[in-house]
Amino acid sequence: MAQYLTLEFIAMLTGFILIIIGLWGMITQKNLIKLVIGFSLFDTGLNIVIVSMAYVKNSTAPIIDKAVDVSQAASKIADPVPQALVLTSIVIGLGVTALMLAYVLRMYREKKSLDINSYTDLRW
Amino acid sequence: MEIREIIGASVTLVGSIFIFLGGLGIVRMPDLFNRIQAGTKASTLGTILSLIGLGIINPAWIWKLLVIVFFVLITNPVSSNVISRAAHFRGTKMTDKTVADLLVESENKTREE
Amino acid sequence: MSILLAIFLGLVILVLAITAIYHKNTKVAIIATGTVGLFASVLYLLLAAPDVALTEASIGSGLSTIIFFYVLNKIRQSND
Amino acid sequence: MIKKGLLLILLVGFVAVISGLLINFTGSNELNPLASYYAEKGPTEVGAANLVTAVVITYRGFDTLGEVTILFIAAAIVGFFLKTMNADTNRPLRLRKTSEILETASTLLVPTIFMLGAYIFVNGHLTPGGGFQGGAVIATGVMMIILARPASQFNHKLISVLESISGIGFVVMGVLGLVLASGFLNNAFLPLGKLGSLLSAGAIPIIYVFIGIKVGSELTSILDSLKENQNEI
Amino acid sequence: MNIRNVANLFVLLFLIWLLLTGTFELTSLLLGLVLAGALALIFGKNSSVFGKLRFTPKMLAYSLIYLFVLSWEIVKSNIDVALRVINPKLPINPGIVKIKTRLKSPMGRMILANSITLTPGTLTIDMKDDELYIHWIDVKTLDAEKASQEILGKFEKLLEVIYG
Amino acid sequence: MVNTILFVAGVFMALGILLALFRFIKGPDITDRTIAFDVMTIASITVIALIAHFAGRIIYLDVALVYGLLSFLSVVAIGRYIERGL
């Protein structure tokens, strides 16, 4: 049990539960805006998981200044690569959210409804 | 300097108690305006005190902490003003203890125009 | 110490996420999503990733909440 | 009903996969070889104190180029979608006036916010932050102007010119790296300077200024196209 | 173009740059000067909000006094409101009252409204010309004159000197 | 000694955030929730400063600045939405 009581494990657990909540919201909710919210939660959860993988025990931020010297950097810092990828992912997440909301607005203009059940045109 | 650090930590502790009281106020007060009174103000003071306390502990940080204090001092009253104005315009119900509301008349006038 | 803070942040995030999914009022759900982002940013800071925390606070939480509210505003306007 | 059951099974399977991953997760005690290469060689090769910046701009510079492109396409599509929408009614919109307090506060805050944004992307190689965050902060400043004075109009030409110039500048810096140094977006064609000072890390500050302006103008154009349409409904 | 306005904004922005960077490195100082100058030119050109400010010794002294008065008021009334919150009976007597101010300069009016809001117990809700609508947690009087005296008596005189 | 006092301060801050969270979930109206959001973010700025102290890194304070700014802007946007001024 004690091996699980670490910072990165707790963060990863939070991230995974957040992913499941977001997925569940996307599946069960009927409101289009709620779908976008579910996507947003899913995105945040995924980012938390990736950042928690980058954490090395007792490490500090990968930025060299007075507190962290160049010579001992490799033994003190967290992994910079996943952090850089997450940075990219968050910005793209905003782009995708804006795009989805533009679609929602467009769909609302067509049918005056936010309920997903009223969009049956392509149903099989 | 051990004593300086303890003074700073005590200031931070006082600030955190104000933040706690802000949370308590936001739960206990009966309507929105009183919640703003008790909640946002107390937590603003709490934040400023805590930041100053941390600045006493680490004297090198005081400049950046001053910028944060400046931002908090400017932005916080404005945001509670915006929210209270919007709530009043929307017609949020006020508690039974309310004595007077002199804004309603002038707002009704602007609505009619 | 930091573990306790992480557990606290995790619980707050999960409560807010469930509020975001299950609350009937869309506005409340949007604010709850923004708050999830803000607390996630504190969690990133705890995980030694200040760059990511800065990005999440500014882009993932702040701007996206504002965009959500703009869209809600337009939906309301085309209603009345 | 059947659909719901299927979805539930899918979700349960997902949970099972995840819990398998979680149980075996123990965390790491030291950096993996790639990361320790970056940590050891990054400060001397790239010269940036912020190693995340070194990875974003130089080691994985192509990803950033793609990211900026994706953001650009998203902004363009949002604008396209909202502009071609036919107006429902032509009723003029009546917005409530802002209070005087917010208006005065915005004249004080907007220059400060822009200063903060500029600080964040100029110091991207020393402190947390960089082009994306600084650009977002600058878009926030523009947002503050819209919120305080809903009637204000933007100069669309200025926004698109800024966007094009900064995009071209970014690619030109990359090509200069290819020509003068060893590879695309290599920053070492300018002197690396002393680690930790403002003029260090070769071309990274310049590239970050370009990215900051580009991201700021793209996010502004998203916000603007959302606002723009408001008066047409 | 209002030179004084641009100059005041420039001073403010450069001060913020110095506080943010926290170094006196030459390149950083030069860059800060350029950035602050450009932003002050762009934003200060068309507004006159900062124009009234004159840095005289008297104004600086009064600003310092104002800062002390404000912090003392904030702490005092915070304790007052905190005692109300802790009290199980919740002794509040709220209401919205109208007060009048003599201040004319926009910056002074904003700082006055923000000071009122920052002091717990009073909260500015709206501001129209010379009238301020205040939510007061413990209404003592409904008369505009007396309420003005009660709420902003300490702040107004100082701000009148500072922002002229 | 210092760290113990700061730990107690952190506990108080967490309690404040929890109380605001309670109001967020219960709050009858959207304006109440916005105020709760405001209080939570103001308290979080202090938590960030505290994390910066324990990590011993001044650079973490940049995050607190941007955090406060963006939460302020969200609150203003919500307020303008409520009073139909967006």
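Order of writing sets the chain letters: A, B, C, D, E and F. Residues in each chain are counted from 1.
Going forward, contacts are C-beta pairs under 8 Å (C-beta built on N, C-alpha and C of every residue); 3 or more make two chains touch, one makes a residue touch a chain.
Bear in mind the structure is a predicted one, so any value in this text is a computation, not a measurement.
J.: Which chains lie in contact with each of subunit A and subunit F?
T.: Looking at subunit F and subunit A together, the chains touching each of them are C, D.
J.: Spelling it out: a chain qualifies if it touches subunit C and also touches subunit D; which chains qualify?
T.: In this structure, the chains that contact subunit D and also subunit C are A, F.
J.: Would you mind checking the shortest number of contact hops between subunit A and subunit C?
T.: The least step count works out to 1.
J.: When the contacting C-beta pairs are counted for B-F and for C-F, which pair yields the higher total?
T.: When C-F is set beside B-F, the one with more contacts is B-F.
J.: Using each chain's Cα centroid, which is most distant from the centroid of subunit C?
T.: E
J.: Can you tell me which chain lies farthest from subunit A, using the average of the Cα atoms as each chain's centre?
T.: E
J.: Find the geometric centre of each of subunit D and subunit E from their Cα atoms only, then give the gap between the two centres in Å, rounded to an integer.
T.: It comes to 34 Å between the two C-alpha centres.
J.: So how far apart, in whole Å, are subunit A and subunit D when each is placed at the average of its C-alpha atoms?
T.: Centre separation, subunit A to subunit D: 16 Å.
J.: Residues touching two or more other chains, restricted to subunit D: which are they?
T.: 50, 52, 88, 96, 99, 101-102, 105, 108, 112, 116, 120, 127-129, 132-133, 137, 140, 143, 219, 222
J.: Which residues of subunit E are in contact with two or more other chains?
T.: Answer for subunit E, listing residues that touch two or more other chains: 16, 20, 113-114, 124, 126.
J.: At least two partner chains per residue is the criterion; list those residues in subunit F.
T.: Where subunit F meets two or more other chains at a single residue, that happens at 10, 17-18, 34, 55, 57-60, 62-63, 65-66, 69-70, 73, 76-78, 80, 83, 86.
J.: Under the touch definition given earlier, write down the residues of subunit D that touch subunit E in their complex.
T.: Listed in rising order, the residues of subunit D that touch subunit E are 99-101, 104-105, 107-108, 110-112, 114-116, 118-119, 122-123, 197-199.
J.: Under the definition above, what is the set of subunit F residues touching subunit D in their complex?
T.: For this pair, the touching residues of subunit F are 59-60, 62-63, 65-66, 69-70, 73, 76-77, 80, 83-86.
J.: Would you mind writing out the residues of subunit D in touch with subunit F in their complex?
T.: 95-98, 102, 113, 116, 120, 127-129, 133, 137, 140, 143-144, 147, 150
J.: Touching subunit C in the complex: which residues of subunit F?
T.: By the definition above, subunit F touches subunit C via 7, 10, 14, 17-18, 21, 24-25, 30, 33-34, 37, 40-41, 44, 47-48, 51, 54-55, 57, 59-60, 62-63, 66-67, 70-71, 73-74, 77-78, 81, 86.
J.: Over in the complex, which subunit B residues touch subunit D? Could you list them?
T.: Of all residues in subunit B, those touching subunit D are 71, 74-75, 78, 81-82, 85, 89.
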